[in-house]
Structures are given as C-alpha cells and as structure tokens.
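The first chain written gets the first letter, and so on, giving A, B, C and D; residue counts start at 1 in each chain.
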Amino acid sequence: MSSDLRVGLVGFGYWGPNLARVFNSQPDCRLVAISDRSEERRRAARLLYPDVEVSSDDRLTTADDVDVVLIATPVSTHYGLARAALADGKHVWIEKPMTASSEEARELVELAEARERVLLVDHTFLFTSAVRKMKEVIAAGELGEIYYYDSVRINLGLLQEDVNVVWDLAPHDFSIMDHLFDRAPLALSAHARGHFGTGMEDVAYVTVFYDNDLMAHFHLNWLSPVKLRRTVVGGSRRMLVWDDLNPEERIKIYQKGAEVTSREGAYGIQASYRVGDMTSPALSNVEALKAEADYFVECIREGKRPFNDGEAGLRVVSLLEASDRSIERNGEVVEL
Amino acid sequence: MSSDLRVGLVGFGYWGPNLARVFNSQPDCRLVAISDRSEERRRAARLLYPDVEVSSDDRLTTADDVDVVLIATPVSTHYGLARAALADGKHVWIEKPMTASSEEARELVELAEARERVLLVDHTFLFTSAVRKMKEVIAAGELGEIYYYDSVRINLGLLQEDVNVVWDLAPHDFSIMDHLFDRAPLALSAHARGHFGTGMEDVAYVTVFYDNDLMAHFHLNWLSPVKLRRTVVGGSRRMLVWDDLNPEERIKIYQKGAEVTSREGAYGIQASYRVGDMTSPALSNVEALKAEADYFVECIREGKRPFNDGEAGLRVVSLLEASDRSIERNGEVVEL
Amino acid sequence: MSSDLRVGLVGFGYWGPNLARVFNSQPDCRLVAISDRSEERRRAARLLYPDVEVSSDDRLTTADDVDVVLIATPVSTHYGLARAALADGKHVWIEKPMTASSEEARELVELAEARERVLLVDHTFLFTSAVRKMKEVIAAGELGEIYYYDSVRINLGLLQEDVNVVWDLAPHDFSIMDHLFDRAPLALSAHARGHFGTGMEDVAYVTVFYDNDLMAHFHLNWLSPVKLRRTVVGGSRRMLVWDDLNPEERIKIYQKGAEVTSREGAYGIQASYRVGDMTSPALSNVEALKAEADYFVECIREGKRPFNDGEAGLRVVSLLEASDRSIERNGEVVEL
Amino acid sequence: MSSDLRVGLVGFGYWGPNLARVFNSQPDCRLVAISDRSEERRRAARLLYPDVEVSSDDRLTTADDVDVVLIATPVSTHYGLARAALADGKHVWIEKPMTASSEEARELVELAEARERVLLVDHTFLFTSAVRKMKEVIAAGELGEIYYYDSVRINLGLLQEDVNVVWDLAPHDFSIMDHLFDRAPLALSAHARGHFGTGMEDVAYVTVFYDNDLMAHFHLNWLSPVKLRRTVVGGSRRMLVWDDLNPEERIKIYQKGAEVTSREGAYGIQASYRVGDMTSPALSNVEALKAEADYFVECIREGKRPFNDGEAGLRVVSLLEASDRSIERNGEVVEL
C-alpha cells in the first residue's frame, strides 16, 4: 500500500485557498506546507490549517518531505518555481496560464520528461460536467461538422497588473478547444484596446481559424456591466449552447440546422431549416477541482501523463503569444 | 392646404407590406400603386388593398400621378429604380442597404440634390424608442467617454442569395453608430466564413476603430440556434445594455465603472470599481416605422433634408464595401 | 360542393378584429357583415373591410343571408345575441366567458341542441400548440399521476367594468383543465380583493380540488408590475412548465420527481429525488385562432359537436359562479 | 474591556456549520463547544474546528464556561434546549421556527425576560440587503398604500419528517411581513396537500388578511421542477419585485400603478395606468448571517432586545399554528 503524497502549496491568494481545501480533503494526499509572501494571507492560511506549516519561503518546492508542489502564484513566477520543483524530483501542478512564454513552457515540458515527473496545468474547466458533456457530444458526432465556436467571457473587473484580458480569460477557450476538437488551429487574429493607460488591454476580440471553415471567436472584456459566460458551438446537425451562469440549464442542445436545398430558379438559393426539440441534459454535481485533483493523483500513482499536461499548457501559451503578436500588429493574421 | 402625397411602392416581399400598411394609414399620404414581379405577391397586395392599382410594372416609379416612390426590392435593383424615380422628380424612400455599391449611392445623392428631392434611406432602428433613448443618453454625456460598442445579432435564418450576413445585418450597427457617435470610424477589419458553398458568408465578425481607443465590434450570424439582439455600450461613467428582445427592459443603464486608482506599490495597478443602481427607463410605444413615415412627410413638406438621407446611406454602404474588402484580404485592416 | 358559409360578426372591439381577420381569410367562409355600437369602431371596420356591410344593428344575427354568427361583445350581451341567432337557425361562435350565468348558458345549450346548430365557445388556448402538446403528454401518461396544476396570470391592466379579474382570466385555466384532465373538479375556494372601490376584484387566488389530492391553483392579478403567464403541472413521473411568454421555450418537460424510499430509521422519512434531462419540444407555429376557425367550419360541415361546445362553456361558467360565491363567503369551500 | 463571549453550538446538520463558521470569525466571540448526535457530523466538526470541544452531549447548553447557546437542531427539540440554557443564564439564539407550539414559545419569552437574557430567533432574511432595502422603501412610503404581498417559494426537495412545507418555508414570509408592515394580520386561510402518504403536506397555499384590503399570499412547494424565490409587493404608488435568485437584479422597483379616473359614461370605469422607469438599486454584499451575529452580540453587550426576539418568533409560530388549523379545517378562515 502506498503512503500519502505530501503536498506543498505556493501562493495563497485568489485560487490557492481552493487548492488547499481540495487537496486537504483528497484521501491520498496530505497538505503539509503553504507559502505566501503576504503576511495577511499567511495569517489566513494558519487560521484555516493550524496543522500545516505556513511560511514565506518558496523553497518548500524543494523541501525533502514534499512530493507534490502546487503553484498558484502570479504567472511571471511559474517558470522559476516549477523548474526548481521538477529539478528536485517533485510532481508539479501549475495554475493557468502555464508560463509567461512558450520558451519557458517548453523547458518545463522537457524537464518533466527528463525527470519522469507528472506536470499538470490546471485548466479546471476541462473537468466540469459541462465541458465533459460537450466533449462527449462532439466526440459522438452529434453536432455533425463543426461550423463555429463563439465564446463570450465578459464582466466588470479585475484589471490586473501582470496580464492583459487575453492572458486572463482566453486560456479557458484555448484549452477547451484544444480538448474538444481533434485538429490544431491554423492561424489567429486579435484586436484589443486598453482604456486606463496601463499598457494592459481590457477589451479584446480573438478569432481563430481551422481548416474546413471552422472559425472560433472570443469576446473577452473586463469592462462589461453584465457578466456573461456563454459559448455557442454551431454544427451541421445540431447546435449547442453552454451558459455557465445558468446552473439549471448549463448545456442546451438544439436540433436545429440549415441546409441549402437548391441553387436554381428565380430566387437563387433555397435554404431549409430544421427546428426540432431542445434538450438540456442533467449534469453531475461533482466539483471540477476535486475531480482534477483525483485525476492528478491517479496520474502520479500510475505513471500516466495527464491530457492537460505540460504540452497542452504549452499549446495554450503559444496561442496567447500569437494573440499578443497579432494585437501588436493591429490584428494581422498570425500563422501558427 | 396641401393635397395628399401620392405614394407608389415597388416590392411587396418581406418588408413592403409594412410600408404599405404604414403609408396607407399616414394622414398626408395616399397609397396609389404597388408593383411586384411575383404573381403571388400581387394577389396578396390586391386582397389587402382592393382600391390600389397593383401591377408587375416597375415603371410606376415614373408615373405622373405618383409623388413619392418607396423602394423595397432586392438591393441590386435599388439604384436603377431610385435613379429613374429621382430623374422624374419623385421623392424616394429606399430600404437598407441603400445600394450595391458606394458609386451607385454617390450618384443617387447627387441626383437628389440636383433635382431637389428628398432621398431617405430606411434605417428603421434610428426611429425606435430604444435608439432614441441611447442617443439622448450619449448626447447628454451620461456615459462619459465611450470605450466600446459591442453588438450581437445572431439567429437561425435567412440565408440569402444576393447579400451576405454582413450586408444583411451590419447596416443596423453602422447606421446606429453613425447616428450615436459624433465622429467617423477610422478603419475596420472583418472576418467571415460561409458554410454552404454558395459564396455567401453566414458568420461574420466586424471590428471598427475610432480615435481615443473607442472600438466597436459586431457578431453577425445566420447559423445560431438562439436569437440574440444585444448591444453593450461601455463608457467611463456609465454603461448601457440594449436588449431588443426584452420588451419590458429594452434599455438598462448601469452606474458601473472602473478606475485606476494607483500604479504604485507591491501589487502595481490598483483599480476601484463603482457599482451603483441600474435603471431601465420607460420607453414610448410608438411604432418606429410610423414615426419615420411621419418624419419623411415632414421633410418633404418643409423641404428639409432627413438625417438618414442619401449621405448617411452612402456612409453605410462604404463601410459594407470596406468590410467585404477586409474579408477578402483575410481580415486586413482597411483604412476608411 | 358546398357553397361558402356567410359569416356575420357582432362586436369589433378588442377581439373582434382578430375574428374578422381570420374568418375573412378562411377558405370556406365569407365575412359579410360586421356590427358595432361605436361609430369609431365601425369606421375602423369599414377601412379594413370595404366590401363588408358594417352597421350598428345587432340584428344581423338573424339576417337571412347570414349562416354563422360570431359574438365578440361584452359578456352581459352574449346570451341575448346567441339566443336570437340560434333561434333563427344560425351556427354560433361565442367569446369566453360564454354567458353571465350558468342558467343562461344552459338555455343556449338546449336551444343549440333543439335547433341542431353548432355552438362553440372560443377558448382559444385549447388550440395553441402549447396546450395541444400538454394534452398529448398528459394523455400519454408521461407525467404519471398528476399532483398539482399551478397557474400564474398576472400583469398591469385592464381594469374592467363588467367582469372581475376571475371572470377575465380564470376561464383560461378552467377550460384548459377541463380539456387536460379526465375528471371533474369536486370543490373550490377563492379569495379576492378590489382596491379601487368599484366592486370589481383585481387580485384573486382560486384553489380547485379534485380527487386523489390533485390540487389546482391560480394567481390572477391586474395590478402586477410584471407580466407572467406560467403554469406548472407536477406529476409523479415528470413535471411540466408552460411559460407562454417565452416563445423559444414555451414548454419544458422535466424528468424530475420525488419518491419516499423509507419511513423507518433514525431520520424517519427518507426521500429520493430523480433529476434527469429537461426537454423543450418544438411546437408548430400555426395560429391558434386559425386552427379553431377551421375546426368550427369542419364541425358545421360534418354536423359534429366541437369539444369546446356549449356544455364546455357552461362548465366554465359554473366554476366562475362558484368562485364568486366563495369570494362572497370569504373563501368558503364550495362543493361543485 | 469586556472579554470574549464563549459560544456553544447544538446541532451541526444543515445550518449549524454556517453558524460555526460565522461565530468562529466574529471578533467578540469564541466558539468553544459543538454538539451533535451523529458521529459523522461530529467528525466533520472536528476536522474543521480542531480546537473546539466536540461531543454528543447536549448539556453543553448549561456548561459553566458557555455564555451563549446557538440551537440548530430539529424544531421539536428547540424548546427543551432553550429552556435549559435560559434557566442556566445563557443568552440564546434559536433557528426558525422558534418552537413546535406557541405555548412553548410563550414560556421561553417569559423565561428570557425573567432571567434578563437575550433571546433571538434566527430569521436570517431580515438581515439580507434585499429585505433591508424593502424595509427602507416601504417605511419611506415609496410604495404608497400596500395592496398585496405575493410570495412564491418553490423547488424540488427536501421532504422533511418533522415539519410540513408550511413550517419549512412560511416562517420566511411571516417574519418578513412582520418586519415590513406596521400592522398585524387579522386572519388567514391555508390549503395544502401531501402526496406521499407521510402525513406531511408538500404543496401549500396560504392567504393572509390585513385591514384596508391588504392581502398576502404564499405559494410553498417542495415538488416543483423549477426553483423560484420571488416576492411581489404591489402598492398604489410603486411596485416592487424581489427575486432572490437573480443576484444582479435582486430588487426591482417599478414606477407603475393604476388609477380609476372615471366611473361614468358609456364604458363605465375608466382606468389610467402609470408606466415609468424601473430601478434596480445596488445592494451591499454583506453576508446576512454575519450582520445578524454582530447584531446579536451588540444586543448582549448593550442589554438591548433584538427586533427578532422571542416575541417575534412567537408571532411567527402562532401564524404557523393558525395555518395548520386552517389546513385541517379545509381552508376555513382562522381569525388571529
């Protein structure tokens, strides 16, 4: 029988407390150390986890009694922390986006391979019951040929200092499309503007091109008075809407479609439309982060490579870099 | 006392019946002639208007006993019909988009000027109580500096043969922005795809650039399982949402905003957010098309130039042409 | 081949124009006469139907050249008009509620029988695709045992002078339940209040009792700031929601239910819940009133008795009388 | 300087963990003891609060080192636990409904008075920003004369063993109306049915009568496929809707109303309608339970009597008893 995995967490800011909560209750893990640079956050951590060692020292990532390192710090620090942990033989879980550059990401991928450690990038959405259902529906061919993927992620807040709105919100869509579609994007174009003189874009539109006229598009916005999280996937046979803020009807599948039935005659194109039932499937209530933690442990135990591994994280970072490049060049299409 | 204006209508397809209904009940007008090439539509017109002359002959546009010509035919025919009518001294009302090219539109503008006739392009939305309220709110400076205009016009239907989804739906946003903003767009970029091998794009994204980092964006889509008509205008003081499918709360004004309060310190940028009341103003129930017909008559009676005149129609056609050019060049930014 | 039915319409107020429009285009009918006591309404009728005889004389109901009389006047006049028409051998269509008393209704039923004429009461909702779907679903046993029927019909408006809110809105639910359920109500109780000193109640709650603990309830309200038209039918196997103001998802069927699994043990009752998919079936777009007019003509042609005949109208009027009686007696349960 | 209040909690089931969390972080309190009869729940409590004494012994309510007792057990046990605690000089916080009978409640009120202890009944909703706003709006006379209060609390679950749906959900509305309105209800009537043979009603309708034709009504339902929490308050000047499941627009205030303008003439009653702006006020995000805990401590410190004291709890229990009586007597109106 294998003993518990000893887990250290770096970063107890916005997302870190969720990792602490989930790994603290994961049956095969023991949360043993938390570090954060803020005194206030360390106090919060101590209050909640009186038995865990809490410090300001990032070096827990290489401490002897730690098997697994969870990295939930600002993006710019991911690479250094992960490299140190991997180099020291730890398994590593990194928050998204994986790193600040594809070069850094590539290095981590190689290091994880060389040291035979599990490197997972936390794209939590992939473990939600909504995305699992979408994956299942698309994989079964229910939507037919995919025509477009359109995503809206807008709300008021949180202007950030080290990433723009693309790096903040697009990793969700890049990783979800990477997971759902069995093909790689060919090119992308992005437009964005910032309105506060900080050099950080707060409103952005990203368009991604695949073969067969599949087009994906995201509206990403930190300055919206309303909060929306809605993705539409249009296919030749069915269409799907994922509204993440409608907990009772998160996924809707429409038996709707269009077909060109004739191109002759006085009126040229004749189209017909199918309008059938809509179904909103029941989704399980399992917490996505718990499912992901279980999967991470399973990968470690069985020496498996997670599907959201460093390679997947690297692909997302490359798309973020391409978006930045396109924004700089005023929307120029960037080949991938 | 002036006598009634004698009105002839060309085209009794999708929109023509609305023009017939409204002008038939306009107190200063008399609907005297309707023409359509389809026998079936002529039958429908005769049933509804037994006292009106119904024929297949477009030449009513130049008939002696007609003062005003309403043109509600496919776009490609607008130019020829309007030119003949203006040349013969008629006042002209053209459906949007005004013409199939800016060259045609320019010629009509000149002809209307030369013949001193009223030339109005039917951008009906400008006469809705929702757009009037938006105009009032923006003109009063209530939104502060405008950051972005984001519009979603998506639904299932109507694949068309002579225009793509941009020419079908973007005239709404181009004309509304032309009406709301006191400045001209500087450039635009558009991406689109068609999925039926007809050469007509059915999904499109258009981005328009103004000075001061004002960015506008439209999602236009004939292949969406859900119908949405929603525009968000984000400003520095307030934000506004226009949801045209929510008749009880069509306009919402949010006392919400963001401000960068500091760029120093450990965490760099500090932003603060204002979250105040939302107000949904009562809107009048006047039918937009009736209001526009009254305004058209008023312009004819008083020799006034309508704000939605040929020049306004031309500006919209120029933006549609620029969109097509950008689509052909794979989203290249087109200066205006 | 039978000749056209000649149709006379009495009353051109709120609903009459819809009857005129539908019967004017019904292939087997010819609208030949319209009467209304208001000069203004007669003008409106003449404008729309220049070939129809328009008068202020109700006696068209007995005119020789009329086969069918449609009655769309205030409730208090239904009885007199219908009696005259039936006595003279006309087929009769009466708006809901059928009459001002069950005694009047009973007399009309007998007269229609004696004269062998078709007497139909216009409960339009029974011909909507939504109620047809509900009927189909319930008849097929899909909901299992019906536990409750809960209906909310609230909005701002229209305080009326000759009926209270129950007589205005409850006929919808009484007739729908009469149509959907294969059993008669056993008793009812109603509470209501008026707030304008007119003697007319503007807010009412009606509870109807059936055997097997099936309970129905309506909230009827003319003083609500929001408009709602929503009915929930809860059954042992499935539950159904009909939201008549949501045109894209008018009917939703939920695979949800509760079951008592044990009544033993420390915690007493153990219940389990089923939470499965929700389906919103596609509904046809046929106009209900058109379908009802076709059905009326079919009944006349084939000598059939419509399911929404005088008996059905009488049952509804009896329930309205019982509601009034319960309101007068402060909510006392009235046996039926 | 006063020392911390030592807090003991009885019951760690559905609501107890929330009390533990809030009182654990209340600056003037120290959570020192938790008791629950279930071994599983005690384990959960120990995991979360390793420093708190956790036991199965209810007698903590009288332990010397406890100043305050929080009672979050099934209703039937409230009286015994509270009596013991008060008798021993503890301040007491009881979950709603206060007791299983008004007799029990009255005794506790007297005991709290005699021992000069604070007795608070947890009607949490009174501390939400939504109800505070409603109180403020109504107290300022903004709604004018109140015509009706209509509340819908429906969802699927939780069939309970020791209370019916009225005792589960009506305490919310009874306590809110007690708080909002400056007058006492005069009478009530209730209809309910159970569908599982357990003797517990799962669907109920309660109507409450006040003077001046103010009528209140609740729809309470454990068998609804959809979850709704919506209250409409109709007044002569304005109307208010509280939708507790719409976090972004929880309260809406409508400048809508009706007025009878004439009772003469051909059409009898003439009504006019005001339809003005709707405003959704910004609400604070303070957690209601935290605010209530602070208020409880303040009452203890300053020897004040909370507005949600034992008397308020007793009034609610009396209304619940009256509801049961009316249900037993088939909806008979019960004078209060």
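FYI, a residue touches a chain if its C-beta (ideal position, glycine included) is under 8 Å from a C-beta of that chain, and two chains touch if they have at least 3 such contacts.
Just so we're clear, the structure is a prediction, and the values are computed from it rather than from any experiment.
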Farthest-lying chain, centroid of Cα atoms versus that of chain D: B
Of A-C and A-B, pair with higher C-beta contact tally: A-B
Separation of mean Cα positions, chain B and chain A [Å, integer]: 39
Length of the line joining the C-alpha centres of chain A and chain C, rounded to whole Å: 53
Multi-partner residues of chain D (at least 2 other chains): 226, 275, 278
Footprint of chain C on chain A - complex, ascending: 249, 255, 275-282
Chain C partner contacts - residues on chain D that touch it in the complex: 147-148, 150, 152, 154, 156-162, 189, 191, 193-198, 200, 202-203, 205, 207, 213, 215, 217, 219, 221-226, 232, 234, 236, 239-241, 252, 254, 256, 258-260, 263, 267-269, 271, 273, 275, 278, 330-333
Footprint of chain D on chain A - complex, ascending: 50-51, 226-227, 248
